[in-house]
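Note that the chains are named A, B, C, D, E, F, G and H in the order they appear, and that numbering of residues resets to 1 at the start of each chain.
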Amino acid sequence: MNLTVYLAGQIHDPWRDELIEKAHSKDLPLTFVSPMTNHSRSDAIGEEISGEQPTKIMKDDKASEFNNLRTEVLMAKSDVVIAYFGESYKQWNTAMDASTALAKNKPLILIRDESLHHALKELSNKATATVENFDQAIKALSYVFETE
Amino acid sequence: MNLTVYLAGQIHDPWRDELIEKAHSKDLPLTFVSPMTNHSRSDAIGEEISGEQPTKIMKDDKASEFNNLRTEVLMAKSDVVIAYFGESYKQWNTAMDASTALAKNKPLILIRDESLHHALKELSNKATATVENFDQAIKALSYVFETE
Amino acid sequence: MNLTVYLAGQIHDPWRDELIEKAHSKDLPLTFVSPMTNHSRSDAIGEEISGEQPTKIMKDDKASEFNNLRTEVLMAKSDVVIAYFGESYKQWNTAMDASTALAKNKPLILIRDESLHHALKELSNKATATVENFDQAIKALSYVFETE
Amino acid sequence: MNLTVYLAGQIHDPWRDELIEKAHSKDLPLTFVSPMTNHSRSDAIGEEISGEQPTKIMKDDKASEFNNLRTEVLMAKSDVVIAYFGESYKQWNTAMDASTALAKNKPLILIRDESLHHALKELSNKATATVENFDQAIKALSYVFETE
Amino acid sequence: MNLTVYLAGQIHDPWRDELIEKAHSKDLPLTFVSPMTNHSRSDAIGEEISGEQPTKIMKDDKASEFNNLRTEVLMAKSDVVIAYFGESYKQWNTAMDASTALAKNKPLILIRDESLHHALKELSNKATATVENFDQAIKALSYVFETE
Amino acid sequence: MNLTVYLAGQIHDPWRDELIEKAHSKDLPLTFVSPMTNHSRSDAIGEEISGEQPTKIMKDDKASEFNNLRTEVLMAKSDVVIAYFGESYKQWNTAMDASTALAKNKPLILIRDESLHHALKELSNKATATVENFDQAIKALSYVFETE
Amino acid sequence: MNLTVYLAGQIHDPWRDELIEKAHSKDLPLTFVSPMTNHSRSDAIGEEISGEQPTKIMKDDKASEFNNLRTEVLMAKSDVVIAYFGESYKQWNTAMDASTALAKNKPLILIRDESLHHALKELSNKATATVENFDQAIKALSYVFETE
Amino acid sequence: MNLTVYLAGQIHDPWRDELIEKAHSKDLPLTFVSPMTNHSRSDAIGEEISGEQPTKIMKDDKASEFNNLRTEVLMAKSDVVIAYFGESYKQWNTAMDASTALAKNKPLILIRDESLHHALKELSNKATATVENFDQAIKALSYVFETE
């Protein structure tokens, strides 16, 4: 049994690499997918595909279409969603992906530092599991496969 | 035909009063519901109902249970969800309520100042309609009832 | 038992008035809802609510948000959808509303002249019932209530 | 990860060949499916399978059964739907397939020339992404797989 | 609390009258709906609404459209479905309505004489409750309302 | 806004009366429904409706049909489910009703003494809210309606 | 692309063998599944698995449990359902399987001789396609795979 | 065709080993999954992953998060659920998993000694099939694959 895991979260730093490496070092049968993590490309994808847009709003709108296309296709293929919240950035897309997963009955692992608990308390309460760091998230995924 | 409208958004200032008053001044057949808007009570509701909790995290967890109960019951009764994002606060619950509404096929009106468009571009693209202020949101609701 | 009926179709001429009058003359317990039938207002609603838009595409996009909001809210309230196709206009919104109704398990009455059958044969085959004119559509609705 | 893509659109000219070739030249892991693109066979399939029908309407009805069977089976297998609208033909089946995909939560890429935007504005607003030509659609699909 | 009950079953004799009278004599808050029970009208409704049809099959097809429209609208409004099977007639519509109710999570009361159990054993096993006569079906409905 | 509340739990003692009285003393707009709370009648309802059964298992099976009919009809009408677990009895029906509610997206309030937490920890974690007594459950329901 | 096809219908004669052979002779990538077609075993399976039952009704009930288990598992795995009605037998399970498929959005091919059309007109109208013999059903399945 | 079977039930003794061995001795194409069956680890998993918790309730809550994560992921992958009830333990998780499976339209085989029938009569009545021991459960699974 192989599981596909969608990694929701900000795309300003390469946190996913660390998490994926931890999974690989445990030889877990996991395939990771995520939004476009190259931030400037994610912002530019609307104009990259559809050409220059007349306003900044339209540039953003166009980019969001292709980012949402990617997210919807990949989340539909996923068995579990991990959502990671950090101290910086608005992270509204993280909240959006996490809530969408829950509403579509996808199990959700929420990763957040304890310092963020208050602001995330309602989402944490809905999440299938809440952990504080990548090691714990990987242990949680590993636990799904362990037999003793 | 009467519509029930859920008002998602921060609970630090009484923005809902202004929006509701605008709706009433137009005599629209709307019933508004919302999360508990008394912020300190929303934070304290866990201990108010279940008594003192041993840790701050548990106090928060308990509060989130009753806040989520309220939200789930009221959103299930709603025909439309309005989500208002402002400049301040994390507003992850707003993103959560908005995304939950969309995933459950509830029409969503997103209210946000144009300055917030970039950070909300993916959610705005999924929303049924995006407007910039309360007057526009009320006009959008009014448009559902107008016949010419 | 009262039924709400959504009237999908072009908004260039007042065909709905004729159909509704026929229903009223039979005293059927029906409430009719429809997209905004004032065509120029339907096209202008984006700028009416959100102010002047920088491009023609954005003006259209804005209008479509409020038109879709209206359609989604009203179709969710409906028990039956009637979709009327005539000889003129592209009528892609009619096809969209009719197909959405079917995919959401709303019974659909398709009204089209026999001359349009070939182009509509796949949609007609999926529709709950296909008729050729308003009188037949009203008789079909009336049949739901008759007891002998 | 391999994706199956349903290509909705008219069957009067071989536009799908061009789009598929562009995908293949990029080595994308995509499987394309579509309605029967041999137009005369699509019209004749009712009598081909079920024998001569007594009326033209019945010939059409029979054909539509097998065309709908094909569409329903293949769309259920698809991860993404592309709907292409051009200048010619009624294209009501295109609108039907596109709307069905959306109502069933299949991501939809709408391809249409900007000249068609007004007539398609409500459908475009609901689509996951709207592009103007085949190259852009292929780039959008490619973006789902790219990692940087 | 008022419940709407759909009465599926053959339309060759007025068995529904007997069942409804038993419910009324108990003053149960029930609204009964059913397919068109005037058999000849049910067969003729296609031509009554759409005019003479070129073949017997088309006459039947047209009638079935309006009968299915009626059934779908009324079943969607129902809280419980009762399906009555007797010794005579093919009763495939009864099996169709009963199975549709179950697949759509509507509680189903199956009424059949014990002599029919073998042929109905798989449907009976899926039904919420199976009884042998109208008195038992009414008692089952009454039990939903009783409080001691 | 009036809410319907299903009260899942054992039927050996009249705990529901106490809970309902507390709700009434607060004038909450709640309608309570429940399984048949007359235990001996609940066990006997199969034979009461369908006559003597040949074996004890069949007597039980028949009773369960009518008990499930009642539960399914009433739970479908409910906005919230309360499940109360006490120290005595197997209470597998309580666990069944609570889990069914959750799987059907009905908000669930779990009432259990803290001493039962370990055995109910997985269900409690899935419940919308967990409380320890009737007063807390009523306060939780009241909180849904309060506005400040 | 391989499709799984569930073959609903009576189990008194080996009609499925003929249909499957026709499919194999065309090298179609189809996997066929069906209810237990050994009729006496289908009737006896309750006692075969669970031992002698005290009454004929219980023997039937037990058999129906295992037959329904088989049908539910296999239909869930299927992409298309074929339902064959002939002149003999009650065939209520055939109607049940066909209607269940439709309610769960599985495409349905109905096979029936024209002589049975009247009794099956409502089911035929709901079916995705209706044909008169096995050759036509196989051609319909083949059409799903053909590309020109 | 390979089926995945989720084994719900208590984790105090190794009953699953016996059942799985019986399946293997019949060479059935089955993959079995289950909750963590190492009981002490199941209780400790919260602290194992997230570190020491301040209260016993929080230790339990944390453990339940990871146990529920595992159950939700594995049940979503399953084609059939087996729920085994024995004489000992509360087994509320067994009732929870069984009811969740039914509410999500997963076929359910209930295993219980006849002595437990009364307490499980409502759940047994909803289960797809009820048997009394492991041999019968394996025969029921085997019956899904047999062809004569």
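The rule we apply is simple: a contact is a pair of C-beta atoms (placed from the backbone, for glycine too) under 8 Å apart; a residue touches a chain by one contact, two chains touch by 3 or more.
This is a predicted model, so every value here is computed, not measured.
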item	value
Identified repeat of the E-F interface (over half of residue pairs identical), from C-D, A-B or B-C	B-C
Subunit H against subunit G, contact positions shared by both copies (same if over half, else different)	different
CA centroid of subunit A to CA centroid of subunit C, Å	39
Centre-of-Cα separation between subunit G and subunit C, whole angstrom	37
Euclidean distance of C-alpha centroids - subunit B vs subunit F, Å	30
For subunit B, residues that touch 2 or more chains besides their own	57, 61, 65, 68
Residues of subunit G that touch subunit D when the two form their complex	1, 3, 79-80, 105, 107, 109, 128-132, 136, 139-140, 143-144, 146-148
Residues of subunit H defined as touching subunit B within the complex	54-55, 57-58, 61
Touch list for subunit C against partner subunit B, complex	4, 31, 33, 36-38, 41, 45, 48-50, 65-66, 68-70, 72-74, 76-77
In the complex with subunit A, residue positions of subunit B that touch it	57, 60-61, 63-65, 67-68, 71, 85, 90-93, 95-100, 102-104, 114, 117-126
